[in-house]
Amino acid sequence: MTSVTEPVLLGPYNEQVRGLFQNPRHAGDAAAGNGRRYEARASEATAGAQILLIAGVTEGILAALRFRVFGCPHLIAAAEATCERFEGGAVNKLQEFSVSDLMETLGVPVEKMGRILLLEDAIQALLSQVDGKAINRN
Amino acid sequence: MKTAHGSSPVYLDHAATTPIDPAVAVAMSACFAARADYGNASSNHIVGRRARAAIDTARQELGLLLNAQPQDLIWTSGATESVNLAIIGAARFRAHRGRHLITMTTEHKAVAESFDALEKEGFEVTRLSPGVDGILPLSDLEAAMRDQTQLVSIMHVNNETGVIQDIEAIGTLCRSRDVLFHTDAAQSVGKLHIDLEALPVDLLSLTAHKFRGPQGIGALYMANRPGCRVAPLLHGGGQERRLRPGTSALHQIIGIGVAARLAQNRLAENLSHVTTLQARLWRGLNGVSGITRNGCAESHYPGILNISAEGVEGESLMLALEPLCVASGSACNAQSGEPSFVLKALGRTDLEAQSAIRFSYGPETSRSDIDLAVKLYRSAVSRLRTIAPDAAA
Amino acid sequence: MKTAHGSSPVYLDHAATTPIDPAVAVAMSACFAARADYGNASSNHIVGRRARAAIDTARQELGLLLNAQPQDLIWTSGATESVNLAIIGAARFRAHRGRHLITMTTEHKAVAESFDALEKEGFEVTRLSPGVDGILPLSDLEAAMRDQTQLVSIMHVNNETGVIQDIEAIGTLCRSRDVLFHTDAAQSVGKLHIDLEALPVDLLSLTAHKFRGPQGIGALYMANRPGCRVAPLLHGGGQERRLRPGTSALHQIIGIGVAARLAQNRLAENLSHVTTLQARLWRGLNGVSGITRNGCAESHYPGILNISAEGVEGESLMLALEPLCVASGSACNAQSGEPSFVLKALGRTDLEAQSAIRFSYGPETSRSDIDLAVKLYRSAVSRLRTIAPDAAA
Amino acid sequence: MTSVTEPVLLGPYNEQVRGLFQNPRHAGDAAAGNGRRYEARASEATAGAQILLIAGVTEGILAALRFRVFGCPHLIAAAEATCERFEGGAVNKLQEFSVSDLMETLGVPVEKMGRILLLEDAIQALLSQVDGKAINRN
């Protein structure tokens, strides 16, 4: 019966979500270093979930990518996973962000897709702020 | 049992269901043990007679707890069924007396949806809102009454906030207007002193699993007064005065009987225990900034404490509180994620309602359980606020 | 336990209720043992999740017994409630399809009185009589069908006689006319092979205590087909797909699940056991003069044998049979003393019906129990006939 | 709890009813001896219970009083108790028969009074057959 026991223990949050939620190392403000600081916000119309992405960009590189979230564990975990993945890489790598991949790895229930789309909105907003020329957006 | 942390759960969700009393479990198991003890109470032989006798004993035990005549108690499958039978059954039976009914906006869904069903049958329902303290002003009830009003249903203890309505005053008003009065006492029976000889209550619903009895068994009290009658919802073998047929569930009835007896014996002790726990919990949480206690502190069952916190999202708070087992909103809408309609009726915004945590505890809750709850709540709230954008705080 | 004779009762009343299987009792008791195992399945925490998982497991177990999809099973408080929900719920939900309903005169009171209630709501009910063998002629059902017929309810195994109706043929006829078919299978589930994937049954009612599970828990099977829907009788917290709200009775559901699993494992073995017992019993009684077997011997569940005897009064026969626990007529009207309407529908006179004794037995009945029954029955009948005036014999 | 156990054990039949039912020594035909034989019958309209009283009378004495019953245990017990009491006594003693006394000693439930009245009918019928003059009937 281990097959039923584990989901029962974890509930709607898989190991990864629990780990990221418990220890969100990228939560908080970005020290932008000597680069430029960008902020992008997205929130649900009903004033439910909110997300704030804060980036420190130096020569097309995301020297820092941080978040603040008011929202459910899946959104916190998704934000943390995203910052973890893209911090230190080129800004235009952010285009590889994929809602469906994230939902799959984090086991986000479909009815919560709206929350993850919020994260996508924030990323798009961030991208549109950062100097458009350095980035190939197609 | 372990949680996802590897630590044992700390169960502070007694308003959802209580652990079963070990003595209740023993009595129920004993009735399974011997074949000759597990009969059909409708059978005309010794095994059936023994079942009937055990059921009579249980009815007496519950009668003693409520100071009610045993024959005025009808076994049901729980408060949901009792409430439906009381409200729908009485409204239909008394339809000739009028088709106007009164209830409150902060009732349990079993009550709320029974009235919804009656509306579809052509009854007219007035749903009164409480004040921000959760209490229904008696004058509002009085003002809502009409000549056609035939039934009022107001709960005793609210399952989300613990707020106590003044059922004595409400019942007295109803009697003076010749209106039937039902109260959903699922959260008070076995916890607060209830004397049905003295109280002007016509119909009262209860369920065993809220006072350390088994799930799936409850009762409807129906006063032996003229005009106090219900039309049955189920039809069949004639059990329970033809008001609730079906083979009597012997072990379940034995279980509620023992639970009633134990609850009666320990009523004062248990109440003082949860009063102490509540004081300790509130002392511990009181200092957290931006928190609100939902429902008034004065007319309140101390085994439930419901707290909203600014700038904290409810679902994340629930996870951050593990291994604490608490409720956000009513256990009944826990799955839906909708903000609690009860808290919204008390004037809370969606966000405030969603951040609410209901702590509920009972005789087996220890002070260290409470202390752990305080510690976990404080750190969870502060951690989530740190993560949140400023605007949400 | 002793009877008034000082001898232990011999329980041959399994059609009224069966002894609980010891393994079922153990599983139920285990779920009381640890606080963390007795949760509210609607709660959003580990204790609630564990309860939900246990309930899912039980639903799978019952699904396997019936070869039905677990999600097509709705927990209820027993067959009485299932039957009411199926019949009243479907008739109301489908009232727009027609207001004519068909059933039989030999149904259980839960079915009969559900139809009575629908008649008061303006439905028209045809009640077909069986032949003297207890079997409903299919042609009679066909002849009774009209354009407005929307629901047929015919039981599977009769609780008084053990007669089996051909639910496959009945269901096939109903499907061909686009009429919903409900069967009260309280007496067959766990005893006869039932394959709901194969059978054209839309709604099926069952109760755990007739197959060695606990009293007070049952289920309604509702096929996942267009038009197969019921309006709920109870309203509340949204459990059981909103069709049957109320806190799920965890230990009860665990109990029915285990009982279903055991019944499935032992179906063939149990059936062959009761077949042997019935042959033994009938061999023993067959020689008694003036006795009649009620219901045909061919299409018949062998765990029930119902016998009328000329010139013997039923109540005295019951007493003379002590310490045997048997039924005279249905367990459900045992208290009333009325002659069984089921036996009268098979053409028995009042006197014949009143003299009927139902022997019903199960896996734990031994051959010596049967031999004692034979001995007691023979001597009781002859003694009472000796006492009776000639005209009565 | 002995107070509830006993009625539970006995059900609707008290010790006395059980004893009389188990061992109805006066069931069967009366050997009228050298006296005269009388029979009186009573039955329920619905062809339910039936009672037959058979008396052997010698010089105003009920030398034998026997019964046959088709009916419930209470009626059998009542018939047996009555025969036991009056056999061997004067016929006119039968007038002392009392439905209510009998119902009380035998604990007959009120809804069964009709059955005991049947016994009274049979006794009346018997009395009216036996030579009226010897008996003072007021």
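Letters are used for the chains, namely A, B, C and D, taken in the order the chains are written, and counting of residues starts over at 1 for each.
FYI, a contact is a pair of C-beta atoms (placed from the backbone, for glycine too) under 8 Å apart; a residue touches a chain by one contact, two chains touch by 3 or more.
Bear in mind the structure is a predicted one, so any value in this text is a computation, not a measurement.
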Chain whose mean Cα position lies farthest from subunit D: A
Comparison of A-C and A-B by number of C-beta pairs in contact, larger one: A-B
Chain centre separation (subunit A, subunit C; CA means) in Å: 58
Approximate Å spacing (C-alpha centroids) for the pair subunit A, subunit D: 95
Separation of subunit A from subunit B, taking each centre as the mean of its C-alpha atoms, in whole Å: 42
Distance from subunit C to subunit B - Cα centre to Cα centre, in angstrom: 33
Interface hub residues of subunit D, defined as touching at least two other chains: 9, 11
Residue numbers of subunit C (touch at least two other chains): 3-4, 44-46, 50
Category of the chain touch graph - line, ring, star, complete, other: other
All chain pairs that touch each other: A-B, A-C, B-C, B-D, C-D
Residue ranges of subunit D in contact with subunit B within the complex: 4-5, 7-9, 11
Subunit D-facing residues of subunit B, complex: 44-46, 49-50, 52-53, 56-57
Subunit B-touching residues of subunit A, taken from the complex the two chains share: 9-11, 13, 18, 21, 24, 27-28, 41, 46-52, 68-73, 76
Subunit C residues touching subunit B - in the complex, by the definition given at the top: 1, 3-4, 8-9, 11, 13, 16-17, 19-20, 22, 24-25, 28-29, 32-40, 42-48, 50, 77-81, 83-84, 108-110, 113-114, 116-117, 207, 209, 214-217, 233-238, 245-252, 318, 322-328, 331-336, 364
In the complex with subunit D, residue positions of subunit C that touch it: 2-4, 311, 313, 315-316, 319-320, 350-351, 354, 386-392
